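Going in written order, the chains are labelled A, B, C and D, and every chain counts its residues from 1.
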Amino acid sequence: MSAGIAMAMLGCLIAAMILIPALPGYDPYGQNLSAGYTEPFQTIEGKLYLLGADALGRDLVGRLALATRVSLAISVAAVAISMTIGVTLGLIAGFFRGPAETAIMGIADLQLSIPRVLILIAVTAIVGPNLVNLTLLLGLTSWVSYGRVARAMTLSLREREFVLAATTQGASPIWNIRKHLLPNVMPQMVIVGSFELGQIIILEASLSYLGLGIQPPLPSLGLMISEGQTALEINPWLSVLPGMVIFIVVAGVQFISQGFTAEGADARTSAMAAP
Amino acid sequence: MTDPVLSVRNLTIEVMTATGPARAVENVSFDVARGEAFGVVGESGSGKSLTMLAIMGLLPVGQVRVTAGEILLEGRNLLNLSFDELRAFRGKQVSMVFQDPMTSFNPVIPMGAQIGEIVRIHQPAATADEVRRRVVDLLDLVGVPDPERCYRQYPHEFSGGMRQRAMIAMAVANDPALLIADEPTTALDVTIQAQVMAVLAKARQRTQASMILVTHDLGLVAESVDRIAVMYGGRILETGGVDAIFEAPGHPYTVGLLKSLPRFDRAVDTLHAIPGQPAMVGNRPSGCLFHPRCGLGEGRVDCRARMPELLNATPAHWVACHARGETARWATRIDVDLRQRASALDRAVPGFSESQPLLQVENLHTHFRVARSRGWGREVLRAVNGVSFAIDRRQTFGLVGESGCGKSTLGRTLLGLHRATGGRVVLAGRDVAQMNRSRSRDLRRMMQVVFQDPYASLDPRMDIHDIVAEPLMINEMRDDARVRELMDRVGLPADAARRKPAEFSGGQRQRIAIARALALNPELIILDEAVSSLDVSIQAQVINLLKQLQQEFGIAYLFISHNLAVVRHVSDRVAVMYLGRIVEVGPSDLVFNDPRHPYTKALLAAVPVLDARRTRTKFVLTGDIPNPVRPPSGCAFRTRCALAQPSCARAVPELTAQGHPEHFAACFVAASNTPIRT
Amino acid sequence: MTRFVLFRIGQSVFTVFGVLTAAFFLVRLSGDPTALLLPEQATAAEVAALRTELGLDRPLWLQYGLFLGKALQGDFGMSFRQHSSALGLVLERLPATLELALTAFVLGIGMAFVAGLALRLSGSRRLRALFYWIAFVRQAIPIFWFGLLMILLFSVSLRWLPSLGRGGIEHLILPALTLATFEFALYLRLLDAAFSEQQTQDYVRTAYAKGQTRARTILQHMLPNALLPIVTVAGINLGVLLGGAVVTETVFSWPGVGRLIVQSVSQRDYPVIIAGILVTSVVFVLINLLVDLLYAVLDPRVRLS
Amino acid sequence: MTQQWERMTFIRLAGALTVASLMGFAASTTAAQAQERRLVVAQSADVLTLDPSVNTAALAINVYLNVYDHLTQINADGSVGPSLALSWDIADGAKVWTFKVRGGAKFHDGTLVTVDDIIWTYKKILADAKSPVRPYLKNVTAIDKIGADSVRFTLDTPFITFDRQVTLVSVLPQKAYEALGPEKFSVQPIGSGPFKVVRWVKDSMVELVANADYWGGAPQVDRVTFRPVPTEAARAAGLASGELDIVPVLPPTLVASLSQRPGIRIEKVPSNRTVYVGFNVTNPGLADVKLRRAIDHAIDREAITSKLLRGMGTPIGQIPAPVLFGHDPAIKATAYDPARSRQLLAEVGYKGEKIVFQYPNNRWAFAEEVAQAIGGYLKAVGIQVELQSMEFSAFFPLWLGNKLGHMYMFSLGITVMDADLILNLEYESEVSHGYWRNAEVDNLAKQQRAETDPEQRKKIMSQVWRMSQENAAFAPIYNEIQAYGVRDRVKWSPRPDERLNFGYGPILTGN
């Protein structure tokens, strides 16, 4: 699959989830118990269920569209939060060194030494799972990978001669960070972020599975898979469809970022490849 | 020439570029006779390394391929062989010494095993013990001390010179018929370079191998080979015996290269610079590749229309130029021209002027605390250990020394990038260290810098305008007109403003860096190896530009370089550093014509001389530079000094005047002025 | 070297102390557990009495001090619900967790090496695309769903393997495979990237220039270097696997530490949560200590600096 | 056990083979004959301790019932019958209870069960402030030994169901307990019940073997294994794959799919459990009875039970389930009448004030779906309801502390099978966790607690249920019909009280 196809699929998906809620008859909350577990393309009480319906007879098209938006919103926001924190702390640690670096890297080690799932489970139990808390928590616990990469890059960038030149011209640390370090660190951060995005969607799904993710009646992709599990033999589409959406999103984002980096990487790789 | 070891016929190599396949090497033919040393000279992008990789069968797959020609090694066409068939030749019949001895060894495998590998591959019957003995012998041959111990050591435990010796040992392990040395000394200091070249010669002598020496350094080929080929833009422009070419170059490009080198023997103020940029792959001119930069063929229809063929001027000297009959006359005209320009310039008088010097450095120390390599605690690295000198306005002060001598640390300390641990820096009469932060920052703006690496010194994400404007922006003096003016002054086209550094060649990038350094109207620019990574033709352009700017703006330069010829050419006064101290300082004519310190003498002796007829006294400095964390007691140079006496270990010699009130050297035996010989 | 080891040990101790502190305050914030410990018929007075009994009515700093004092003696208290030592409960589950995590790790990384070397040695672009597809698909499927599909296929339909609990090797296969396939995807991509990077190194060219074969160049020269970046990631990842295989443990009813911690969180069994997090982080820290030492063994450049 | 060992042997023999062929061998031995009559039962979680004096979790009680004896026991039909106590007397208006203890019952270590053991057990629990069993005995003021074979409990208030309450206390062997100490006893317990504990591998299994010396006769099963299987899907898969014999309380979706599979039978039983909606009537938003009634009428119980639950429930109009003593069959479930709801809402002038609906999501089968359906019905009549799904561990303290804000969903399954506890837990002002209070109800509750005539008690309780319905104090939704997945080889019927007691129960045929 090329980056182009991945982009097209993701584009269609995003367009669909924005457009569908605007259509009548796809209310993600409109229940009809008589239509429970309807399979795709069936008509119940005069209404066609294109992708079927869930336990409460809610139309799966509307549910999926909303769930995709929720999952994407959470993961994109969480990635943005963690990237912001990670980049900020990484830059500070790498640029200023000293006690700030020791402290920041100490916290990073600390956080790494407790698996993220456990932190999330423990803290969600305290603050209660809801959209905002979940997003914040996922964001706050995922910064370490950005922080480490940003720090490592900063350590080498700060010794680069264009930074030294700016320093001799009177540039303040803030100037150097803003004008030189940040722009040079960001492309790598975006690559890390594209990988994390998929991880976070999956992580949110796992939390939902453990009952600590998004709470009904709001759907998320992971929650929908989880809800559909016991009904796998009654209507497998309940979990297969959100599973497919997760796959398209996660694989799509990675293919795209892979595509962007691959151009450079491939050229580099084959430049010296073995005969 | 009968029965050549290697015969390359009409070799053409294509590479994939952004715009499609392009010829990187075109129609290249040459022979290497048995036992001969053949030099291939060219600037970056000339296709010389690709040609060598093609001989080895090591061209990168996918992106590069040979589209025509033959490579006959001992009569067999290597291009017809498969990867596995070629393996029998590689390392056995033909082997290679690569440029960077650090990355060319596998960092996680002991050195002995890596050298032994080449023996094992081609002598599968050899026992482990035989392989081991062979490796130890080889290490001994190339002069690696204590080969038994080195056998077990890893590449990073070797110094650069030792690594390259090991590389040579590896290359000659199976007595190859042909040895290809691709820029074997480019990464090394001049004294080490001399050692390595000597080892290479010795190893060749022992194995009777033919050699191809690939280099951009004309001095190196002049000394080491019998015949050379000059490559440019993927073609051979001229080939013939070394003497013939250096004495009577037939191609204007060769003339240009020779004349753009700063030389000890001819003091001129302006170097001849080949104008323009080298012909890059995928962007080559029609007709003669060189015609856009050629001063001889200007305006000729032939030059623009048709690539000239290699034709013989004399039986052993071939030139590819439409106007090859006129080269000699044109070359003379250049010399006249340069001399005229030199006399027109107002040469600054070396030595201190009456007024106060611009920069005065007194007893400067920069020490670092580094973790001990073994055991606990930290130890002190005295990178700059009590250095004093002064730079006058409009003057160029040269600073030379091998890597690790502290010259760059000194420059960075002056710039405030390292903290001085002792001493004073007085700039324009004010002590930089004693000021508060913001005032000292103001003062430091009077001092700007141009670094060595044209790739690392420009932010790849900024465009050229922003890079040049940055110093102004930092100081809240945004001025787009000034940026345009600066770009114009350093010879950058106006349309460069919105392009990114990646689109520019090394020479152009250094121009950008210079424009940036000029932006704040500094009094002093520190040029930290600013021209060292440039090709000679470009280096000459940049040096000329620097001189021009100095004239125009009255700037002083601190010119840090390991290239003695360049320092000699640009400097009014010069200092030689060794292990954190200045060992000799004075007006550059005096230091270079009448060196007093044995180290200065050794440095000068190690520089390859262009003139092939002149045999210089080979004064090869033994050993490596000592570890600066634990320098020898007394005179730090004594461990490598031919004149060292037991008393040298006792005290550190002071700088003392040497026959001229401004010429100083720090040596106990220098005064006796003993001639150095080996 | 000794200094490096001692420094790392000191750092590790500090990290574990930080984890303890963080875990303590984390769980204290998670709400009062007393009500959960009593049946529906309990009265408010009984709840209050139990709170006093458990020492939860004391000021937080005092609780922390007492906790630290006991923790230093290796005492992490009694489980609120299980009436036995919290640390003991965690350590009881540790073998199960180690068994699953290590098997999955070895299996996953082993498969990744086989696949990674296969596609390097063959140089086949198709094989590479195939492996990458497998990796992408696997990474995009949540563990709990993948696990359920495995159960439905191998236990329910084919009846080849048991679906739940811990026992002989056959019990281990499904959960280990579920995790291992994920690890496989991770390491395959890492290894391939590392190989791609090594491939451009000069020493590879040197090896070929010696006349070395492609296979030996890959195995003897590139592999040891490609291992280095993987070792670091593997250390962190194995730690995560040890504590974070919660979902797999749940799906396959595997009696591991992760599940114990999740249960303890939902029951607000403070001492067990803290002991669980502590044990996980100690294991993590130990693994990474070993990884650092291993790194030094693999890379002579580190050994001396 | 045997199956496992055989499989292991095969695996060792096939050591050099690949994983794939290992699977093949494993499969071929799954059909191996098991000589022993063994039964594997799934529960959603492991027991936390095998010491019954410090734990009241329902999952654990299922194990305790098989390992320990109690003074009395609840019969399968919900009545109370003798166990260790052969008979008992009530005196002083149900304040003094005297139990005559059976002779000849033996603990698993061979010692006799004595009155002293019984008294020691009760006193131990009463002395332990940490024990969750203690609240069951809060009325007890004195325990006395009467003669050689009787024990007398004196209560501070009349408590007519005390004979049922004592089924919650497992009798422990004093000597063995003291010798082992509580920590050791909690993993290697000794009881006097029909099964002995062989081993307990935490989070893996509790394994019991038949007690041949049991006073009630040896059980029909040789070995019972309780396995904790945390997810419904995994329990269903385990049943389908033959690893489990009994899976209790299946959700409706799995009932539908499992009933299709060969070798599996679904056993259904109307349970002691009802699911109901409670209101915090002290909250001004819900103080108006008409509003509560509007909510009550808005819920289509019929659709919920027949469609969503696929018949796994019956609409109900009172909290006590039909199998409970005290249930009044005359009280019907509230009719679904959205028109009336809207009308009532109009009458109270409801203008879309938000009502929070809290419910625990991980305690009862399908609670999440049922709560969402209720929310959907309320929305349909125009009530702005905000669903607040909570972990049971977050919800329960709120329930116990009477801190639920608006409207909530809860469920009670009364183990003692007597509605007295419902009065106590949801109606009586003094201790109730309900919010609707009424002095008359308090009186009625006390009155029946001292009433020895069962019929009279029923009448009194019925009065309370009617008042509750009139005031819409609660909106009872349905009585749960529970489904057990049982492999065909197991002849066994589940009980209405959710308990798993294999002492008298299942007969195994085949394997």
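Rule of thumb we're sticking to: contacts are C-beta pairs under 8 Å (C-beta built on N, C-alpha and C of every residue); 3 or more make two chains touch, one makes a residue touch a chain.
Quick caveat, the model's predicted, so the values are computed rather than measured.
Visitor: Through how few touching steps can subunit A be joined to subunit B?
Guide: 1
Visitor: Count the touching C-beta pairs: is A-C or A-D ahead?
Guide: Of the two interfaces, A-C and A-D, more C-beta pairs touch across A-C.
Visitor: Quick one: report the Å distance separating subunit A from subunit C, using the average Cα coordinate of each chain.
Guide: 21
Visitor: Rounded to a whole Å, what is the gap between the Cα centroids of subunit B and subunit D?
Guide: Roughly 87 Å separates the two chain centres.
Visitor: For subunit A and subunit D, what's the span in angstrom between their mean Cα positions?
Guide: 41
Visitor: How many angstrom lie between the centres of subunit B and subunit C, each centre taken as the mean Cα position?
Guide: Taking the average C-alpha coordinate of subunit B and of subunit C, the gap between them is 51 Å.
Visitor: Which positions in subunit B touch two or more other chains at once?
Guide: 58, 83 - these are the residues of subunit B that touch more than one other chain.
Visitor: Find every residue in subunit C that makes contact with two or more other chains and list them.
Guide: Residue numbers touching two or more other chains: 31, 148, 152, 201, 205, 208, 214, 250, 266, 268.
Visitor: Which residues does subunit A have that touch at least 2 chains other than itself?
Guide: Residues 125, 229, 232, 271-275 of subunit A touch two or more partner chains.
Visitor: How do the chains pair up in terms of touching? List each pair.
Guide: Here the touching chain pairs work out to A-B, A-C, A-D, B-C, C-D.
Visitor: Would you pull the subunit A residues touching subunit C in the complex into a rising list?
Guide: For subunit A paired with subunit C, touching residues are 1, 106-107, 109-110, 112-118, 121-123, 125-126, 198, 202, 205-206, 209-210, 222, 225-226, 229, 232, 239, 243, 246-247, 249-251, 254-255, 265, 268-269, 271-275.
Visitor: Which positions of subunit C touch subunit B when the two form their complex?
Guide: 3, 201-203, 205-214, 220-221, 224-225, 228, 298-301, 304-305
Visitor: Residue numbers of subunit A touching subunit D in their complex, please.
Guide: So the residues of subunit A touching subunit D come out as 29, 31, 33-34, 36-37, 55-56, 125, 128, 211-212, 215-217, 227, 229-234.
Visitor: Which bits of subunit C are touching subunit D when the two form their complex?
Guide: Residues in contact with subunit D: 31-32, 35-44, 46-47, 49-50, 53-54, 79, 81-85, 89, 92-93, 96, 148, 151-152, 154-156, 158-170, 173, 250-253, 255-256, 259-260, 263, 266-268.
Visitor: List the residues on subunit A that touch subunit B in their complex, please.
Guide: Per the touch definition, subunit A meets subunit B at residues 160-162, 164-171, 175, 179-180, 183-184, 267, 270-275.
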